[in-house]
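Here come two complexes built around chain A, the first alongside chain B, the second alongside chain C.
Up next, the complex of A and B:
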């Protein structure tokens, strides 16, 4: 095992050396960094040329410059020496600083999108596998292929037009006409009917209920100007919480496990009480506090489950912890909605909240809620675009993996010994289907930080992709190398992790030692 | 794509009769399965229509086409450039897809762009397929040093970003003053140059897959038998192993091609692919995205064609994958349900099946 890892790491280091040498030479050979000065008619033309030649060391041949760069980069390997030197970019800024900023921007952009895409993709994949060859399956398959074929810059322009400009116009005067409300309700009804499955009568019934519910809610929202002053309030949180409690228990323990259901419901009750107590505290929220509160919510849930006990304590604890976490999320959502009007009317936002470019409104001031709302409104469009194009892969892959597992002999055995379908799917099939997905996920996380060049360029996020593109355009090797090294190292490390994870999760696969 | 009914009306509860048992050759089985895949057939038809339209309408390689404008012709604006095509009554009009700001015909430009995308796609498919097969076959069959060297080369190419290579190539091609053969070639055949270049970097995934196939196939008995009867290495590779790996190859070449279209449009969008005055679908979108509010058709039609080409190629690839997968039995749930036999224990295992 150790030999295997060491061998892989040594190979990776050699590949990295070779590839970085090539990248450096290619960038340096891609053009003339002095071109903009050569054509200029500035009086201090020669000075400018000299200054840039000095900065980029253009009088040294490119291969020698690479080894100089390598010498600086090698210092990054010395721990705690703090002498990391990746050179400077064309504006004289150290690359290590620029990389730090860009990395934060990129990670805030892609992390949420990737997590959501993985969650939604896996869920859709499993549902379509369980309903193989149903209308739902065909619909999702077609959508997956469609999303897979969309150019992201095209999607981005559409999102900007309809998601930002159109939606902002709507928010200025939030009035849903009756016909639109009924239309959206009908679409929701059809989707629910298709997704519901089962006999025609049941489908029509669920579809009809969804249609009525969605239409009524939209009309109510329109009448009360909910879109201007959104909020959930304790009643909605209570109703949604009970729904969550039932859903979570159904998935994690089964409704027959009364103790688990009771623990989940108690967690909802506790959440409602906390809702009233916590409001003053939430006014002073910080990021750290939110994280601590989330941890506290999970702990409280675990405690409730533990105290309720029952024949399967673990299941009760799991159900209650998940429920209390989700109820906590609802409370947070409610607080965000309370902050919405003041964000909406902020002098910097001026009533057009959904942004098309950048990562934050310049010079915006406000508390935690305003600032994070500001990030959300900036992140929502790029996130949507990224989710759309990466969803297809996960859905198809999960579906294939799940279908293969569902045809295994041990699934038949599990059914034959009389386990409920929930246990068969969630305990026996789902967990095994996740093994191949784990490797894909590890692989994708490795490619995460360099993977959004076009999205960043369309939405003007100054992240890693922007740094890279900018470096290429200015024929500036140092930022290109910085981004390349970061991306390549994470990709290789996560590649190794994917291989190791596979052999750890599936004991039949052994790495060659 | 609502239904994937098999063409073969099943004799037994919705399960396709086992074609292998009928004494058909592998080619016949694959063809039958592919023709029974409605998604793939629709994809093929759509692609054929776009292909014929793109190459006959504005002409190709100097041969004139039937459409009256070329992508460079400027004509007076009609209806401020709005599309003249209509469905009720069906009419084509003077400028079916509309015109841009200076009066160029969008239909001609879109067709030209589609031509470029299809050319690039085919060039990439050929080059990537060829290099991928050679590298994969050599490293999988001979193993040892050959494998070590070739696979490390693959690793190096995989981690070098395609965008950087494209930018370098675009810079080199743009340097007309240097007068190198490359610059003059690229300035005359911009699209071909991009296709060749993208082909030269997108074989890596294929090579890895082919290596895997060869690694497993070379251990099989029929390869031992061939070797004992004195077949040369070349004969074993081309006559014995390659025909067995051709399914994986074709399917993945299609997928590489559909990905390549998106790569080309993305590169053109970023300004390092096809350059004006020539045009491509990605370039059209990039040029016209700012005009979305005033002339949305300039944005819709090129995008629609990218999606249509890519989608049809993906569906064809999906059909091929099903057709080449020997483990797969086509199972029609509806037919089985009509005969009311429990469909649960069917061994239908598939990866990307059924639309």
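Up next, the complex of A and C:
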């Protein structure tokens, strides 16, 4: 195994060297760095040309310049020496600084989107695999391919137009007319009816309920100006919590496990009590506190499951822990909603919360809730755009992989020995279906950093993509190389991880060395 | 047993609650303090720029980008600024700049009392002297060929004017400075002292280990002019200062040391959010120039034009000036219904076709014939009319319509002969000849390709054989002036203010005189021009040169690039400006409704 890894690392280093040489030469040859001065009528034209030539060392041939650059870059390998030198960009900023900043910008943009895309994509993939050739399957496949084939700059512009500008206009006077409410309700009803599956009667019933529910909620929201003063309140949290308890138990332990269900329900009860107790503490929230609270919620859930006892404690603990985490999330959501009016009326936001550009409102001041709401309103559109585009891949892969597994002999065996469908799907099929997906996810994470160039430019985020484009525009290899190195290293590392993960997950392909 | 466990759990929970409240933020309640901002009358505006701010010194070769100059412009003041009619406007409240003698040209700068940096230090001639030292390159003795000597300040501008001056005469009170030119310099008015005196000498002096600004002045006084031929060892203190000047003000965040971003203008930088935004607030001391109305100006950086338009529409931006394209202008026009004002105008850069004074164009008749066949109106219709319905062909090689002298010059320069395509006239001049003409242009620039196609179509009718000499983005610039073509279409930028650029293009044998235009009379006029200090006289001379150029059938200016800016109904006072200062030129007039 170790030899295998070492061999892979050595090849990776060689590939990196060769590729970086190529990229450097290509960038250097991609244009004329002095173009802006060539036709200049400035009296000091020659002086400007000289300055640029010196800055970019244009009098050294590109291959030699590469080795100069390599000499600086090689110092990055010396640990703790702090002598990393990737050169400077045209504005005189060290590339290491620029990269550090750009990396953070890009990661903030893509991390949430990737995680959500993976979660939603895998869920949709499993559901469509289980309901192969149903209306739902066709519907999801159609939507997935539709979004997959849309150019992201266009999706992004549309999202800005309707999701930000249109929605902000709506928020100015959040009034949903009766007809619109009924219309949205009807759409929701149809979608639910299609998704529900089963006999026509069941579909009609669920569809009808969804229609009535959504319409009623919208009319209620409109009448109480909920969009201006949103909130969940203990009642909604209680109802939703019970729903979560049932859903979580269904998936993790099965409803037949009464102890697990009871633990989950107790967790909801505890959550409701905590809801009232914790409000003053939440007013003082910090990020660290939220993390600790999340950990505490999980621990409390585990404790509840443990105390419930029973012959399979683990299942109860798992169900209660997940439930209490999700209820905690609801409580947090409610607190965000409480902060919404003051964010909405903030003098910097001026009643137009959803942003089209950047990562935050300049000069905004406020507590944890206001500031993180500000981040959310800025991230929501790019995240949505990225999710829509990358959803298709995950959905289709999971579906294919799941279908293949579901037709395996051992699944038939599992069914034959009388296991519940839940156990068959969740325990026997799903886990094995994840193996190929794990590799795809690893690949995707490797490509993340360099993969959002267009999204970055449309949403005006100055991340890695911007750095790269800016370098290309000025025929300045330094920033391009900086980005290239980062992207190439992550891609290679994650490729390696993908391979290792595969062999760890699937004993059949384990390398013997 | 059970109870024991539960009470333990309660104990743990209580301890955890305590620990959590310990790590709580101390920001207090939920509502941010909006009252402070709402109480003032000034209001705020958000301006969008394409590039991100990266230095407080916009004069260096690295820092010389639009955005840095604009921030410097808003945070510093000086003896003059340039208005949107391209006039030099004096700011007498800051100080006086007077020409006390024409021969030798002597200019006296006097800074008014009370003008000070935001740390309370008065602005003195030491600051002006620092600018002079940096802009004139007086102390440089570097020889790039021999690699000897020292180059101190890496100044991006043109040093030729101030290089004619001797060490200035300084008054004892530190308020006035007189510089004497060894020969007259036409652009003396904009050579020094504005639009902003941006780097404080006392800060630089202190950081370089000198006691104060006075020590700095004494140091400079003691040093002789740099001589390339006889380089001296570098002066350590001046070198320390010049290094600070060159790179010490480069930053992407707000420096911890406030002396690195001192203001002496209407605004002072309050916050810099790397690559996202920059915020300026009013400098409360400022009283030596046009008074600013807004309390706060925030600059945000958006590269993409469409994103700029949407940000304006969504209220995230109040003033934008995106790169003008047909799409952008159209998108902006649809916003007019929501109260947005769109201003479309000319920029200083213009496209032109130049004919080489050699090859098939050696004869004037052929050049004239070619010029008659260039469909300038069609080119304008096709390329710029969709952006600016008022657009018309540019009729002067040296003036732009924003300048007052344009109309006068156009009347007499002979451009009227080339208003419309005259195929018959061209044929007559060619007299049956069919010269082969290779036209070089940047074929990656769609506007140039359009212009080329229209010219080819029309010139072919007149009997020319047009050869497509278009080159790619990275090659056309190098090909300029190498004789591989007969005519070329490309762009120039009119300097707007100042005349030093004129001989650069049109004088015999000069660097940017790519088509080898040579006219002894014009040369003589340009020699006179660059030593003429009187604006009216300058314009007369330029008018004469313009006529000479047209008379010799040099080629044709085609059209000016179009610029656009737009602002929301929250803001008033924004006015279009053709030069690179853009809308910022009158930022003090911006106000919130």
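By our rule, the second predicted complex is superposed on the first by the 501 of 513 C-alpha atoms of A that agree within 3 Å, B and C clash if a C-alpha of one lies under 4 Å from a C-alpha of the other, contacts with A are read in each partner's own complex, and residues count from 1 in each chain.
Basically, contacts are C-beta pairs under 8 Å (C-beta built on N, C-alpha and C of every residue); 3 or more make two chains touch, one makes a residue touch a chain.
All of these numbers come straight from a predicted model, not from anything done at the bench.
The wider contact with chain A, measured as residues touched, comes from C rather than the other of chain B and chain C. Applying the stated contact rule after C-alpha superposition, one finds that A:157 touches each of chain B and chain C.
When both complexes are overlaid on chain A, the residue A:303 reaches chain C alone and has no touch with chain B. Once chain A of one complex is fitted onto chain A of the other, the partner contacts of A:46 are limited to chain C, with no touch recorded for chain B. In the superposed model, A:26 lies in contact with chain B only, and not with chain C. Touch criterion met: A:457 reaches chain B and chain C at once. In the superposition on chain A, contact of A:318 is made with neither chain B nor chain C. After overlaying the two complexes on the shared chain, residue contacts for A:474 are found with neither chain B nor chain C. Of the two partner chains placed around the shared chain by superposition, chain C is the only one that A:358 touches, whereas chain B remains out of contact. Annotation: chain A residues 30-31, 157, 161, 457, 475 touch chain B in one complex and chain C in the other.
Contact residues on chain B toward chain A in their complex (touch as defined above): 1-4, 152, 155-156, 159-161, 163-165, 167-168, 171-172, 175, 258, 262, 265-266, 269-270, 282, 285-286, 289, 292-293, 299, 303, 306-307, 310-311, 314-315, 318, 331-334, 345-352, 354-355. On the side of chain A, the complex with chain C involves touching residues 30-32, 34-35, 38-48, 50-52, 55, 90-93, 97, 101-102, 105, 157, 160-161, 164-165, 168, 281, 283-286, 288-289, 292-293, 296, 303, 307, 338-339, 342, 345-347, 350, 352, 354-360, 362-370, 457-460, 462, 466, 475.
In the complex of the two chains, the chain C residues touching chain A come out as 5, 9, 16-17, 19-21, 23-34, 37-38, 46, 52, 54-55, 61-63, 65, 144, 154, 156-160, 247, 250, 252, 271, 273-277, 279, 296, 298, 300-304, 306-307, 310-311, 313-316, 473-478, 480, 490-493, 495, 500-501, 504-505, 511-512. On the chain A side of its complex with chain B, the touching residues are 11, 14-16, 18-19, 22-23, 26-27, 29-31, 132-133, 135, 137-138, 141-142, 145-146, 148-154, 157, 161, 396, 400, 403-404, 407, 412, 450, 453-454, 457, 468-469, 472-473, 475, 480, 484, 487-488, 491-492.
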